[in-house]
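Naming follows writing order (A, B, C and D), and every chain is counted from residue 1.
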C-alpha cells in the first residue's frame, strides 16, 4: 500500500452527504472521516452517532484541519465555487456533488483554480458508476457494438421535486437532464455538436408558470456522426425509469431498470413484476459507493479522477444549449 | 409434384374434428376433404357450411368412398380400434387422435393391423409439432445441449374437465400426462426405464372420490441415464402452462409459454403482462396445422409419418406404469 | 350473412400482391379472387398455380370485369392514381398498397375521386393490424395509460434496399418512416403539429451520394401536447426491429419484437435467444391477413374501412415536413 | 438502543469465516469483532490486516474471553458439537455454519445443550436470507399464492467440489441438497412427510466410484398435502443456477437467477445476456450479510434467532431419508 488511510472531511450533511459519510465509514476501509461540517449545528448529533466526533458549523475550520487529505462537498450549489477555492488553496483534494455550478463561467473558474493549486477535483456524476451503464460503455469501447449510430436514453423521475427546488436548481435540463447529457458523452465517447430540445408541461401546470417544463425530448448530434434521443419526465407513476440503449454498426445493447427482487407472480389477470428500485438512493446505491471509492483510490495512488471539471463543463454547456434550443425553437450548435 | 391433391374423409366432427377440417380446407392447398362422417346427423349443416357437401352418419360409408386416400379419425376413443381396422382393410391411411387406445393390448392389435395392411397411421400427439418444443428437440439432436441430464416438463391445465370426462378418459396420467410422457421421449430421444409417481387431490375432492388425482409429480429414468420430472395440475388459475427445460452437459435450454401479444404495462403496482394463450386450441393452433400438414405430406410423397403407433404404445405403457406406481407407492420398471 | 362472397381482382403480382392473393384464397372464406392482372404475362402461370385461372396483362380488362366488387392494387406507386380512378369510375372498391402516392396533391385528387364515386378506399398501412400495436392503441383508448405524454417508436430494417429502389421510393422518410408517422397518429389518436428531423449517413455512403439518409431521429409534437421520438436505421444487423413505447400520466406500456420461438439457451457464455422475425413478411404475416380481412368485411357489411386516404394524406404530409426539416435544419410546423 | 455493540469472536478464518468477519467489521455498525481464532497461526496476519488485533490458535482461549457475547463458528463440521458445547457452557450465543452436523444424534445433543444453557444458536442456512426467496415465502404467507400445491426447486452448482470434499461432506444430499430441503420447509411452511430420490452419475464417474451421485431429482410430499420436486446437478456449465417456483390454488410465483448487470446485447446471432452471478459468494453476498445482521439483532434485542437447531435437524433428517430412498429405491416416510 502506497500510503495510510485517506483522511476526509465532509461539508454538508444533507441526504447525499449522509450517503457519502456512511459509505466512507462502513464500506471503505482505506478511508477515514475525521470531521463533518454543516451550517446547521443540530446535525452534530447525527454526525456523532455515525461515529465522527469532530463537527464544525463553518467551512474554514474544516479547511484548517491540517490532517485532511480531501474534502467531500455536499453543500448547496451556490457554495461550490467558494468552498472549492478555499479547499484548493489549502491543498485539499475535492469531491464535489453535481452540479458543480449552473454557470459556465464559474465552472471555468473552478477549472483554473484546480489547475493552479494542483489538487484533484472529482464531480459527482454518480451514474457513471452504475454497473449497467459501465457495462454499456465497455461494450462500445471494446468495439462489440461497432460504430455507434443511435443512443437512446430514457430518464424519468417518479415525482417532481418541490417548486422551490425547481426554481433554485436552474430548471429540468440543468438539474435532471444534465445526468443524461453526461451519460451521452460517457457512453458514446464523443462530444455533442448540436442540440435540439422539445419540451412540454404535461405533469403540473405550476411548473410551467415558473418558466420550466416537466416533459422533454432532446436530440443530440455527436462529432462522430452518431445521433441521440433523450426522453425525460418529472413523473413516471410506475417509478424511477433509467434505461439506455446503444445501437451501432455491429449490434445493439440495452440495459434496463433494476428491481428489488426477481420474482414474477402469475394470477388470473396475468404476470406481475414489482416496480423498479425507487428512487436514486436505491437504484444507485452501489454507484454512490463506487464513485467515492474511486475518488479515495485516486488520492491514495495519485491517479486521475474518473470524472472532472471538464466533464461538468461539457454537460453544463449542453444543458444551456438545450434551454436555448427550447426558447428559440431551433437546433443549437455547440462551440467549444 | 408427385401426385394429385390428397383426398381425405373426416370421422367425427367434434371440437378437434372441426380444427382438422378447417385446417385441411383453408390452409392446406394440397389436401381436399371430400366427405365428413359423424353419428350425429345434425352436424351435416356445419359440414356443408364449411364447404363439404357429402356427409354420412356411419363410418362404413366413409370407408366405401373409393376416392379417399386417407381418413382422419376424431371420434371417441372406444371407436378407434374398429375404425382403424376398417379403414386399413379398405387401404386408407389413417390419422387418429390421441389416445389411440387406453389399452396396451388394443394398441398392439392396431400396430399389427397397420403392418398387415401396409397403411400409414399417424397419432395425434400435436405437441410434437409446437415450434418451441421442436426447437428444443433440435437443440438436443444437434448436440448443442450435450448429453441430456435433466428434463423438466411443466404441464398444467387452466381448469379440470368434467367428472364424466375424467372417468371415461382413463384418469389424469392417461388423458393429460400422456402428452408429457410422449414429450419426454421426443425431446430426449431415449426410452423410459423407470417411473415413480406422486399424486394428490388438491383441486377438487370429487376428483379423488372417483379414484383419480388432480396434481402430480412424476419422475422418469431414461435408458441413456437422464432423469426427468413432470409436474401436472388440473387447475392453473393463470392459464394453460406448458413449459419444458432440458439440461445437459453443455448447457440448458428452456421454452416458455406463448402469449397473445408482447405488451407489458407498468403502473404504480409494477409491471404486468397478459395471461398465456389459453387453452390448447390457441396455444397449439399452429401445431395442429403442422401435424396434419405432415400427415398429408407423408401420404403424398410416401414418407414415414412423424408419430406412429409405436409412439402411442410407449406413452401408454408409461402412463400405466405411473398409475401402478401411484397405487403401489413405489417406482415401476418398464419392460419392453 | 348480408351478401355473397366478396369478388376480388388483384392488380400486381409482386411480393406483396402474392401475399394478398394467398391470404384471400386460403384464409378468407368470404372472399373470392376471380382474376389477377400483371403487366408481366409470365406471371400467369403463378396465378394459375395458385388457383386463379383468369389473368390479364392490362388493368382496364380487370376493371371491365363486371362481377368484381373490389380491386386490390399492388402495382408500382406511379400507377396508383390512374388505377384508383379507373376502378372508382367502374364502381369498384379499392385496397391500395402504401404509399398511395408520394405527392400530397395526388393524394388530394385520390380523395376527391373516392368521394365523388362513393367507393371505399383502404390504404395498406399493415402495421395498424399488428396485434401488438393494436393492443397498445387499445390501452391508450381505454384510458389505462392516462393522457399520453411520450411516444417512442423504434423502427429499423435489417438491411437497406437497393439504391434504385431508394431513388424511386422518395427517400427514407417517404418509404420507411411513413409507417412510423402513421403509427404515431394511430397510437396517440392525435394529429402532429410540428416535426423536427435529424438525419445521418452512417450505413452506406452511397445512400448519401444519391441525396438520402440511412439513419434518423425524428421528434414530433402532437396537438394534444404529447411528444414523440422515432428512431430509424436502414441496417440493424440483428434483424427487423419494431418496438413501440407509450408513456402517459397513469403508466407506460411497451411492445417488443416477435420471435420464431420462445427458447433461451444457456451455456458458458451466458443466455441466448434467437433473432427476431425477419423481415416484414414474417413479422407482419398476421397483420397482412387482418388488414385484407377487414377490407373484405367493410365491403361485405358496408362499413367504413379502417385506414383511408385521409390517413395516407396525413402521413405523407408529415414525411414531407420531415424532409423539409432535415434540409432546413429547423422544426417545421404542419398546416392542415 | 437496548445495549452496547454486540461483541463477537470468530472461530475459523476460512473462506466463509472471512465473509462473516468482513460483514461484521465493515457493514454492521452494531457489532464488534474482538478476537479471531484459527488453528492455523499464519492467519493471524490476515486477521490483523482486517483490523482484529487479537488472535488465538485454540478455541478455549476464545471461550475464555469474558467480554464476548457470541461466537461465530466457521470451523470444520466435526468440531461443531464440541465448540458449541464449550461456548454454551461459557454462556456465549452461537452462530454455526451449516451443516450443524451430519449426524441426527449429534444435532439432538446440540439441541439439548442449547436448551440447557439457554443460549441462542443460529444455523447458517444463508439462502433463507436471499431477498428473492424471502419474497416467495412472503407471497405464500400472505395467501397471495393460495394453498401451496407444487414447489419446484432448481439448484445446480457450476462445478463439483473435490473428491476429498465430497467424501468428507457426507455426499450430495447432505452437502448440497440440504439447502434445498431447508428451502422446501421454509417456503411452504410445512413439514416433509415422504421423500423419494432419483440419482445418477452423469458428470464425473469418479464421483460414482466413491459412492456418491452428481445428478438428482428428489420429490417430497408435505404434511399439508403439497408436492415438491428438487433437481440438482454438480455441474451446470452456464453457472450457479438457483431458481424456485411455487404453484398454488390462487397463482404461481417464480424467482430466477441474479445477474451482474441488466444488459442484453443483440447481434447477427440473436440476443445475449451474461451468465448468472457465480458462485454462492456472489449470488448470496447480501444474504450472508442479512443472516449475520439478524443474528446480531437477535442477541442485542433478545429475540429468537430466525433459523435454529430444529431447522438443522429437520433438513438433516430429510437428507438422510433421501439417501436411504436412493439406496433402497423406494419412497421413505419420515417419522418425527
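A few notes on this one:
Heads up, the rule we're going with is that contacts are C-beta pairs under 8 Å (C-beta built on N, C-alpha and C of every residue); 3 or more make two chains touch, one makes a residue touch a chain.
Fair warning: this is a prediction, and the values are worked out from it, not measured in the lab.
Between chain B and chain D, the least number of touch steps comes to 1.
When chain centres are set by their Cα atoms, the one at the greatest distance from chain D is C. A count of contacting C-beta pairs for A-B and for B-C identifies B-C as the more extensively joined pair. Centroids of chain B and chain C (each the mean of its C-alpha atoms) stand 39 Å apart. Annotation: 43 Å between the Cα-based centres of chain A and chain C. Mean C-alpha position of chain A lies 58 Å from that of chain B.
Looking at chain D, one finds that residues 237-238, 250-252, 266-268 touch two or more other chains.
Across the complex, chain B is touched by residues 146-147, 149-150, 152, 154, 156, 196, 198, 200, 202-203, 215-217, 219, 221, 225-229, 231, 233, 235-238, 241, 247, 249-252, 329-331 of chain D.
Across the complex, chain B is touched by residues 237-239, 266-275 of chain A. The residues of chain D lying in touch with chain A in their complex are 25-27, 29, 51, 131-132, 134-136, 139, 144-145, 250-258, 260-268.
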